[in-house]
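Each structure below appears as structure tokens.
Note that chain A is present in both complexes that follow, paired respectively with chain B and with chain C.
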Partner chain A sequence: MAEKLQRYGVYAAVAALLLFNAIFTDNFLQVANLRTQLVQMAPVVLVALGMALVIGTEGIDLSVGSVMALAAAVVPLYLGFGVWPAVAMALAAGATIGLVNGSMVALVGLQPIVATLALLVAGRGIALVVADGRLKQIKNQELLALGQPAVVIATAAVIAVVVAVMLHRTTYGRQLVAVGGNRAAANLAGLPVRRILIVTYVSCGLLAALAGVLATARLTASDPSSIGTLMELSAITAVVVGGTPLTGGQVRVLGTVAGALLMQLLRATLIKHNLPDSTAQMVQAAIILVAVYIARGRTR
Partner chain B sequence: MDSVPLLSVRGVCKRFPGVLALQDVSLDLPAGQVHALVGENGAGKSTLIKVLTGVHRADEGEIAYDGRPVDFHQPKQAQQAGISTIYQEVNLIPLMSVARNLFLGREPRRFGLIDLPRMNREASETLARYGVHVDVRKPLRSLGLGAQQMVALARAVAIDAKLLIMDEPTSSLEPREVETLFGVVRELSQRHISILYVSHRLDELYRLCDEVTVLRDGRVVHTGPLAAIDKLTLISKMLGRDLGGDGVTKFTHDRRAALPGPPQLRAEGMDKRNLLHDISFEVRRGEVVGLGGLLGSGRSETAKAIVGALPVDRGSVWVGGRRLARLSTAAAIKAGMAMLPEDRKAEGIIADLSVRENIVLAAMPSLHRAGLVSRRRQDQIVDVFMKRLRIKASSPQQRVGELSGGNQQKVLLARWLCLNPRVLLLDEPTRGIDVGAKAEVQALIDELARAGLAVVLISSDLEELVEGADRVVLLKAGAVVGELAGDQVDEHAVMGMLAHG
Partner chain C sequence: MTVPADAVSGRRELVAGFVQRHGALAVLALSVVTASLVFESFASFDNASGIAIQSSFLVIVAIGMTFVIICGGIDLSVGSVFALGGVLAAYASRWGTLPALVVPLAVCGAIGLLNGVLIARLRLAPFIVTLASLLGARGLLLSITDEGASTYLVPRESSFVEIGRGTLWGLGYPVFLALALAALAGLVLQRSRFGQSIFAIGGSQDAAAMMGVPVARMKVLTYTLSGLLAGLAGTLNAARLGSGVTILGVGLELDAIAAVVIGGTLLIGGAGTISGTLSGVLLLGVIQNVINQIGNLGSSYQLVTSGAFLAVVVVVQTYLSRTQRLH
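== the complex of A and B ==
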């Protein structure tokens, strides 16, 4: 029962919220509104997907918000070479942070929460240094095109499918779950545990950087001091609410997407009914508690 | 005093979705009796224990305890009534000190604070009576499993138990510790504490227990004095089929002849500070070499070192005449070695994954097409091995964590056998699995050796070791102290060498 609730509860909650809004919220089902909701949640989805992979290995990545900031800071520096080199450099920056995270976890043996906390602090610092601490307007039309709703939503959707396929159909994906489920057993079975861990943190860094680029394009400005703040919490929330246990060994991709959608709908609903943001935060907290409680009940 | 038993179970039934786990089970346990509870895994022993300790509630039937009908809703109620349980896996807190574990929840206090000096002093004294001499301020996990078990026992006794349920208490103990445990059990029995003793080790039961109850498929199939039933009959009652033959293990008794040629596995000069000292031995094709020794003698460490799971300071490994360039689990697997680890839960199965995924775990890198997992090829392999090893699971999709110990062990064997290994290292392959699965695993080891594999067998079950192995290499304190081959291999020779070697 608890297992079913953990697994499918998020979909039921999303359905309930949609139904509520369809009846009680004016103009909710209009395409423009739905599109707005999806665009707003897309960066969270991207970051949460990476986070879900890391959590699947029994880890956690607190540095994702700072990676978004770093990506945002790097993009304008290389726009002179064209939009794709700039995006590539931003992604490379994210991958580098992921590499550092992964190495500290897999090679040095630091606890993920400590290792990535270091990068949470350092990452944004580096971003501010790179950007000289200033907000930069983006005028490059090609980059701004990446911020169009259709592009942002499609990217998140495609990435979700890619992550799902990678997780369920590739050797790497199955090994990732095995490492998270029982590291000692995976090691004895000859799995390349260190490489799997490093690749996972790099993937997470890449996805966070991609989210940073898209968010920058949508914002039409590079703002490393504010972009991605508290993103790690939103991402972890989406993952946990989506039914992925923090104890590793299981990853729910669709659940994670639904988790992000649930949190997004919740905030939108409360705002549309003129409840203050503080109320929204408390409701979110309640949902997280419920999700964690259900997960706890299942760990015999 | 025998007129009213301490515990009286009448017609207890317990249903789980789809399964009738206990069916009309009755059992009497007078004060001071040591009562053996036996049965294959899945026979309902664990369920019965859980009903008695308040983890589950019986659907039907009555339980009378200490002269009154009881209905425990929670483990705490059973504990307060004086029912203590010692589980197979030690149920204590690894990171807390030994003394704190012993006194958890009933610490001696002084001015409202825990009186640490007194607690530590009393803990040392208590444990010394159980033959455990350790620094009680150290975390529990720094102790060996045997010593941890003693702490669990001391704790259970200390909380004024009237009924002690022991579930496989000796499975991780050394012979010396087993003796201490037996001494304690007998002493408790004289103090009119009743003991329900669950074990797969029949020898122990005969030495210790007064009565026996045999469960099979959730029913009581036999109950009576242990002295009135011989070992073979007891086993046949547990299995529900008549056994022939003389031995209890399923190994064939004619020794296998090792195949000619160079040794398939050669370990030389394996050295690891404080653990292994210059260990060398070799195994030929078609040969089963037993690694004997007491707990802590370095048997498991030797196996782990050979497959690269334990880094060594010095030493080299040859497989099929070729020296491994470096010792790592990946290199060992590539060279054709496979190891079944001792601790199935912690190092073997991945409980949340399916039977299928657990089986193909090690073989996965070779089962893909263009980087994508090939479900079809996996299914073929999984199907073959589930049939060949007779793995009982509702489907390949079932979570491994839900299977019985014996079936989990078979899944692990399948994981290695599907790699087609040349060398198989088995660390306690039959520990904690039911008699039926045990016989099947033993027969399989036999079959594999006959097919030309080189097998290293580690077992603290002496009978299994001497009947299963063609040659036994004996270890003591991390060093080889002797070797027995051919007709020399028997229990007396092994014990003699361990005592004097």
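== the complex of A and C ==
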């Protein structure tokens, strides 16, 4: 019973919320509203997918919000060379942060929470230094095109499928889960544990940078001081609510997407029924606790 | 040349242990000396007392965090609890000084207690429980301040502000309180049953339980203490500012964790000192001060330096503790 609840609880909750809104919320089932909900959750989904991979290796990545800020800061610097070089540089910046995170975890043997905490603090600082602490308007039409709802939603959907395939159909995916399940055993079995860890943190950095680029295009401005703040919390929440245990060895891709959707719908429901943000936060806290309480039975 | 291998490894182990325990203090001393030589205005009493008062709130929070981390946990909620404590204190100060102290401590202590019960009794992960209470406490704060729109002021004639603004020998009261608490916490940690229990729990929870340490009760106590201290720091800050500022405390948990880790406390639990934490907090304070002295460097450089410091310290620590463990 507990196992079923952990595995399918998030889908049931999403279905219940959808049903509730369809009946009690005016104009909920309109295309415009549904599109807004999906666009708003897309960056969270991207970051949460990377976070799910890292959590699958029994790690955590607190630096994702700062990586988004760094990507946002880097993009306008290289727009002169065209939109794709600029996006590539932003992704490279994210991958670099991921590489540093991964090296500290895999080679030095630091606890993920400290290693990525250092980059949470330093990353946003670097972003602000790069951007000179200023907000920059984005006028490049090609970049702004990346912020259109259809593009943002499609990107998130494609990436979710790619991550799922990578996890379930490639050697790397199986190795990742093995490392998270029992690192010592994976090591003894001859898996390249260090390389797997580094690749995972780099992937997480890449996805966070992509989220930063898309969010910047949507905002039509590069705002490294505020973009992605507390994103690590939203991403971890989506992953945990989606049924991925923090103890590693399992990753639920679809669950993570559903977790992000659940938190988005919850917030939208509370807002549309004129409940204040404070209530939304307290409800969110309660849901996180319920989700980990349900997950507890299996992980012990 | 024949130097016994044991002697060499023994000496290396000794050095490694010393650096790990007192590294933060050495770096602090070095930074202070360098800063005094480079910046004329650094080595003045006014500047030093400024650093002291600004650091005193973080010291109080970091003491609680030290206890939590030594017992093998983490408390991410302290930033929100700090802000909540300040708002409650400012709100309650209309009824007098005593309520302004008791109300925030009671609420923040209750949040810590809730954290502790969920972690110790229900065995939920500390990281995620305190993450939830980070959100919950911030939500509570918003709900009592009309979604952050109203800032409660401490009545002008209230004696409550004196607690935050009063000075003795040119130093603010919060500085003395923070020092007294640090001394008390050091004593509790090293010399009391409670202190020894949390070292044992952090070292090995199962072994501690088998030795008869009441693990759950000690953990609940630790998280309650952390909540209380964060609330107290928020209260003092509200007294100093004369108002309950709603946007404070975001990211304070990270500063506290950074200070504790820089101070030589191991994040895996089982080892750590209050004096190290004190050095860690002061080091962060000095870095911030130096960056302010340079003037045209923004606060973004402070983030870069603090983050880099943290990374370097933990990398060095990991190597040192590995050296110790090998022998």
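The definition used in the following text is that the second predicted complex is superposed on the first by the 299 of 300 C-alpha atoms of A that agree within 3 Å, B and C clash if a C-alpha of one lies under 4 Å from a C-alpha of the other, contacts with A are read in each partner's own complex, and residues count from 1 in each chain.
By our rule, a residue touches a chain if its C-beta (ideal position, glycine included) is under 8 Å from a C-beta of that chain, and two chains touch if they have at least 3 such contacts.
Only a predicted model underlies this, so the values are computations on that prediction, with no experimental measurement involved.
Once the two complexes are overlaid through chain A, chain B and chain C clash, as defined at the top of the document. In the superposition on chain A, contact is made by A:T170 with chain B only, not with chain C. Touch criterion met: A:N182 reaches chain B, while chain C stays clear of it. In the superposition on chain A, no contact is made by A:L99 with either chain B or chain C. Look at A:L275: by the touch rule set out above, it reaches neither chain B nor chain C. In the superposed model, A:G190 lies in contact with chain B only, and not with chain C.
Look at A:A221: by the touch rule set out above, it reaches neither chain B nor chain C. When chain A is checked against chain B and against chain C, the one touching more of its residues turns out to be C. Contacts of A:L77 after superposition: neither chain B nor chain C is touched.
Contacts of A:G249 after superposition on the shared chain: chain B is touched, whereas chain C is not. With the shared chain A as the reference for superposition, chain B clashes with chain C in the stretch 202-210, and the other listed options (166-174, 202-210 or 256-264) are free of clashes. Residue ranges on chain A touching chain B, taken from their complex, read 168-171, 173-175, 177-178, 181-182, 184-192, 249-250.
Those residues of chain A whose C-beta lies close enough to touch chain C in the complex are 60, 104, 108-111, 113-115, 117-129, 133, 233, 236-237, 240, 246, 276-282, 284-286, 288-289, 292-293, 296, 300. Contacts from chain C toward chain A in the complex involve residues 74, 118, 122-125, 127-129, 131-136, 138-143, 147, 254, 257-258, 261, 267-268, 298-308, 310-311, 314-315, 318-319, 322. Those residues of chain B that touch chain A in the shared complex are 307, 309, 329-330, 332-334, 339, 341, 346-353, 357, 361-362, 364-365, 367-368, 371-373, 415.
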